[in-house]
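There are two complexes below, and they share chain A, which is joined by chain B in the first and by chain C in the second.
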Partner chain A sequence: MPFLEIQGLVKRYGSVAAVDGVDLAVERGEFLSLLGPSGCGKSTTLLAIAGFVEPSAGSIRIDGREMAPVKPNRRNIGIVFQSFALFPHMTVAENVGFGLEMRRVSAAERGHRIAEALALVRLDELAGRYPKQLSGGQQQRVALARALVIRPDLLLLDEPMSSLDAKLREEMRVEIRDIQRRVAITTILVTHDQAEALLMADRVAVMDRGRIARIGRPYEVYEDPGSAFVSNFLGRTNLIAATVVGRSGGRLRLRVGEVEVDATGDVNGSTAMLSLRPERLSFGSDGVPGKVESCLFMGGQWLYRVATPIGELAVIRPNEGGAHVPEGGTVRVTWPPEAARVVHE
Partner chain B sequence: MSDRRILAPYALSAPATAVLTAFMAAPLVMVLMLSFNSFTMATGIRPGFTWANYAEVLGDSYFHTIFGRTFLLAAVVTAVSVLIGAPEAYIIHRMRPPWRSIFLLIVLGPLLVSVIVRTLGWAVLLGNRGMVNTLMMRLGLIERPAEFMYTFTGMAVALVHVLVPFMVLSVWASLRRLDPAVEAAGLSLGASQATVLRRIVLPQAMPGILSGSLIVFTLAASAFATPAIVGGRRLKVAAMAAYDEFLNSQNWPLGAAIVVVLLIAMVTIVLGYNRIVERRFHQVFQ
Partner chain C sequence: MTVGNGRLALLFHAAFIAFILAPLIVVGLVAFTPEAYLSIPTTRWSLRWFVAIWNSDFIPAFWISLYVGCASATIALLVSVPAAIATARHQFPGRDALVAYFLSPLMVPHVVLGVALLRFMAEVGLTANIFGLIMGHVIVIMPFTLRLALAALTGMNRHCEWAAWSLGAPLSVVFRRVTLPMIMPGLAGGWLLAFIQSFDELTMTVFVASPGTTTLPVRMFQYITDNIDPMVASISTALMLLAVVMMAAMERVYGLERLLAGKGDN
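Right after this comes the complex of A and B.
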């Protein structure tokens, strides 16, 4: 039986359904990410798990126990908020100790566990500081320590990295992921940042308009997104409308304008949407002919825009120190057969 | 160019400085000088330097009573304003958008009406033949009119009504800086709603409560119109005592001494209070 089980979760505000039938099963110790654009219902789902939003329908069970009658302060869930929501009038140690105090843990035991939690997030020396005297990254670690010290059944991370600057965000992703593995706590991360979700989570659930559009391991979901929405939201992709001209053994023969290509996947009907990930495309001696419209340097990679008979294609090539194709250059765009995927619209 | 830039702030604040000097600093200095003059019924005001007026204000039990009443009234009004205003501000803070501004306007409504008009309204309501007493007697709840007018309680009630909007505004302003997620964080850590209010919201509203208290206390201690109408001649406060010395007894120097003592007492209280507050809540103020 899954540790966290959500069935048919619906939350309506007036006539609008923010969450429109979410089913989710999360195993004990698993790190799941709810990913989606703003307004897709991921935050509402998180708030429903935490108990701050009352579902219009559906059930939420943690370790087999129905959560509907349980108030937020009795759910034993640790939450890291987007704003961190530290108590500004309390020191770091008092912030971390607050949950223990509420659980009537003795002062001695409390001191011990506060020290342990602060050591986990490498903040042992700042126990006496006030939140405003800390940097953004340190505040976030306090928020994480405060959520973990109560030994919650479930850890919820609500866009925890969005108020940090880019460099720090990358460090904290890895650090939070490591801490999560070490304490082996079931964790749900809500984010709109696909890189964050892919890097941190064991499984990713991509949400769209109140439903889960696709769920699976990050690599699987990325490679086989299923729909145009997911493939475009997870990373970037070239989407090309095509006509189906033949089928054979799980592969489709598609026609785009004058060009015919093979693709993996299946559709009903005579039209299909072809997805080509830009990093799977390369320049070769055969393939679709094209002209480089622009060439942008991104540090580790070059980003090309190439005009071809099947439409404009984005191509990402690693920067290997050699010469790049200049703007206006003529190329042939090619890809391995499995890189061409058919997705739903 | 740079000279101009340095002069600009002074030039911009010159009108305010002129107004304050002409209508605030100068009269205060004149009042201070006046308080050292002497006065007799026969001779009127005579220039000179004497501490006699201060000796009278500080030595006479008549003035002790007046000053005692003034500061007790101010303290009671402040305490009641906190008890009414702080929860009121929190409730308004928690309201949804359309209601929040509507109720804030209702709270601030009394400030749009002149103090005299509002206080006379209280007189109409609370007088011996006022609406409240008449209604209660008709209903047979009381036999004789309950006394509100010309009592300490009556003054306190009327002043609270006049001053509570300042407390609400002040607390509301500090609650607006409160991160809404902080309350959710408290709940998620296992605190009850009451504990969240006491341990998390209240400390963060404290700067607002304290600055609101300062405003209400100083306005209550220096109030004139409301105590004069509701308290009447019998329950004098310091501002009324000064008024009487100036206009009834014509003893301007004594009136000036009362004003100076009241001013010094209030400045002392305000500064002392500020120091305590800043020391106690420095991390919230940062």
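Right after this comes the complex of A and C.
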């Protein structure tokens, strides 16, 4: 039995369904990310798990226990908000100790556990400070320590890194991931940042218009996105409308204009959407002929835009120190057979 | 980046400030006259009109004003906080109408309120009763406490309450330990504004006040209709000094801008 089980979750605001039938099963100790654009229902799902939002329909079970009649203060869930939501009138130690105080943990035990939690996030020396005396990254760690110190059954992270600057965000991703592994806590991360979701989570659930569009391990979901929406949201991709001209053994023969290509996947009907990841494309001696329209240097990579008979293709090639194809140069774009994927519209 | 004031603008600002300060300065000077009539002291300074305050009936009037101000500001605050929470945090039919109703005393002329209250209190037998006067003041000053309580509540980070709730605090504890401390500067500012409004209120109070419930502004008003001497000037100056001392103290403790802008601490 999964540790967290959500069935048919719906949340309506008036006639609008923010969450429109979400089913989700999370194993004990798993790190799951809910990923999607704003308004896709990921935050509402998280708030329903925490109990701040009352579902219109469906059930949420934690460790087999139905959560509907359980108030948020009885759910034993740790939560970290984007704004960190530290109590401004309490010191770091008082913030972290608040949940223990509510659980009537003795003062001695409390001091011990606060120190332990602050050590976990490497903030031992700042226990006496007030939140406004801390940097963004430090506030974030306090929020994390406050959520973890109560030894929650479930850790919820609501866009926890969105208000940090880029460099710090990257550090915190790795650090939170490490801490999550160390304390082995079931975690749900809500984010709109695909890189964050892919890097941190064991499994990624991509949400679109109140539903889960695709769920799976980051690598699987990235490679086999299933739909145009997911393939475009997870990384970037070239999407090409094509006609189906033949089927054989799980592969489709597609025609785009005058060119015929093979692709993995299946669709009903005679038209299909072909997805080609830019980093899987390369230049070779055969393949689709094209002309380089633009060539942008991105440090580690070159980003080309190539005009071809099947449409304009984005091609990403690693910068290996050698010469690059100049603008206006003629090339042939090629890819390994498994890189061509058919996706739903 | 600084944009300098033009000469005309500077002149305008100087004139503006002069118009505000000139009457206060004149009152302040007159208060120190040794004469028995209104005059600006030229040769000699005297504190006789300050000494005269002590033996006058302005002192009991001051205590009544202080009492009415503190009581009515406190009652207004106690009523405003639940009202502000209900209207700031919950959606219900007639919510906007309710807020408009609570704030409407700002729109009604105090003369009208005074006449209405006089009639009403005669009807229910509350004339010459300090409780009736306090209730009248509560009506007039509640918009101030409510506005600042509303501003503090909408300005505070709601996630703090959620975080506390999810950390195991029942809602009553969330309010006491998190919400209340976070909106406290706004509430204190509201109380202060309300107190000043009450302390200053004359138009309505004139109708309602009776010999037992004469506030300081009413007493001063009565006094200058009968007498022309520097007594009122010395009282005004004493009040100004009191206000300056209080403001300075508050600035040291809290920061006036934060208090009166109704900003929560978050």
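FYI, the second predicted complex is superposed on the first by the 345 of 345 C-alpha atoms of A that agree within 3 Å, B and C clash if a C-alpha of one lies under 4 Å from a C-alpha of the other, contacts with A are read in each partner's own complex, and residues count from 1 in each chain.
Assume a contact is a pair of C-beta atoms (placed from the backbone, for glycine too) under 8 Å apart; a residue touches a chain by one contact, two chains touch by 3 or more.
What you are looking at is a predicted structure, and each value in this text was computed from that prediction instead of being measured.
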item	value
Room on chain A for both chain B and chain C (clash or fit)	clash
Touched partner set for A:77, first chain B, second chain C, both or neither	both
Which superposed partner A:102 touches (first chain B, second chain C, both, neither)	both
First, second, both or neither for A:167, with chain B first and chain C second	neither
First, second, both or neither for A:182, with chain B first and chain C second	neither
Overlapping contact positions on chain A, where the chain C interface meets the chain B interface	50, 52, 72-79, 81, 83, 85-89, 98-99, 102-103, 146, 150
Residue ranges of chain C touching chain A (in the complex, touch as defined)	157, 159-160, 162-171, 173, 177-178, 181-182, 265-266
Residue ranges of chain A in contact with chain B within the complex	50, 52, 72-79, 81-83, 85-89, 98-99, 102-103, 130, 132, 146-147, 150
Touching residues (chain side chain B, partner chain A) in the complex	179, 181-182, 184-193, 195, 199-200, 203-204, 281, 283-284, 286
For the chain A and chain C complex, residues of the former touching the latter	50-52, 71-79, 81, 83, 85-89, 98-99, 102-103, 143, 146, 150
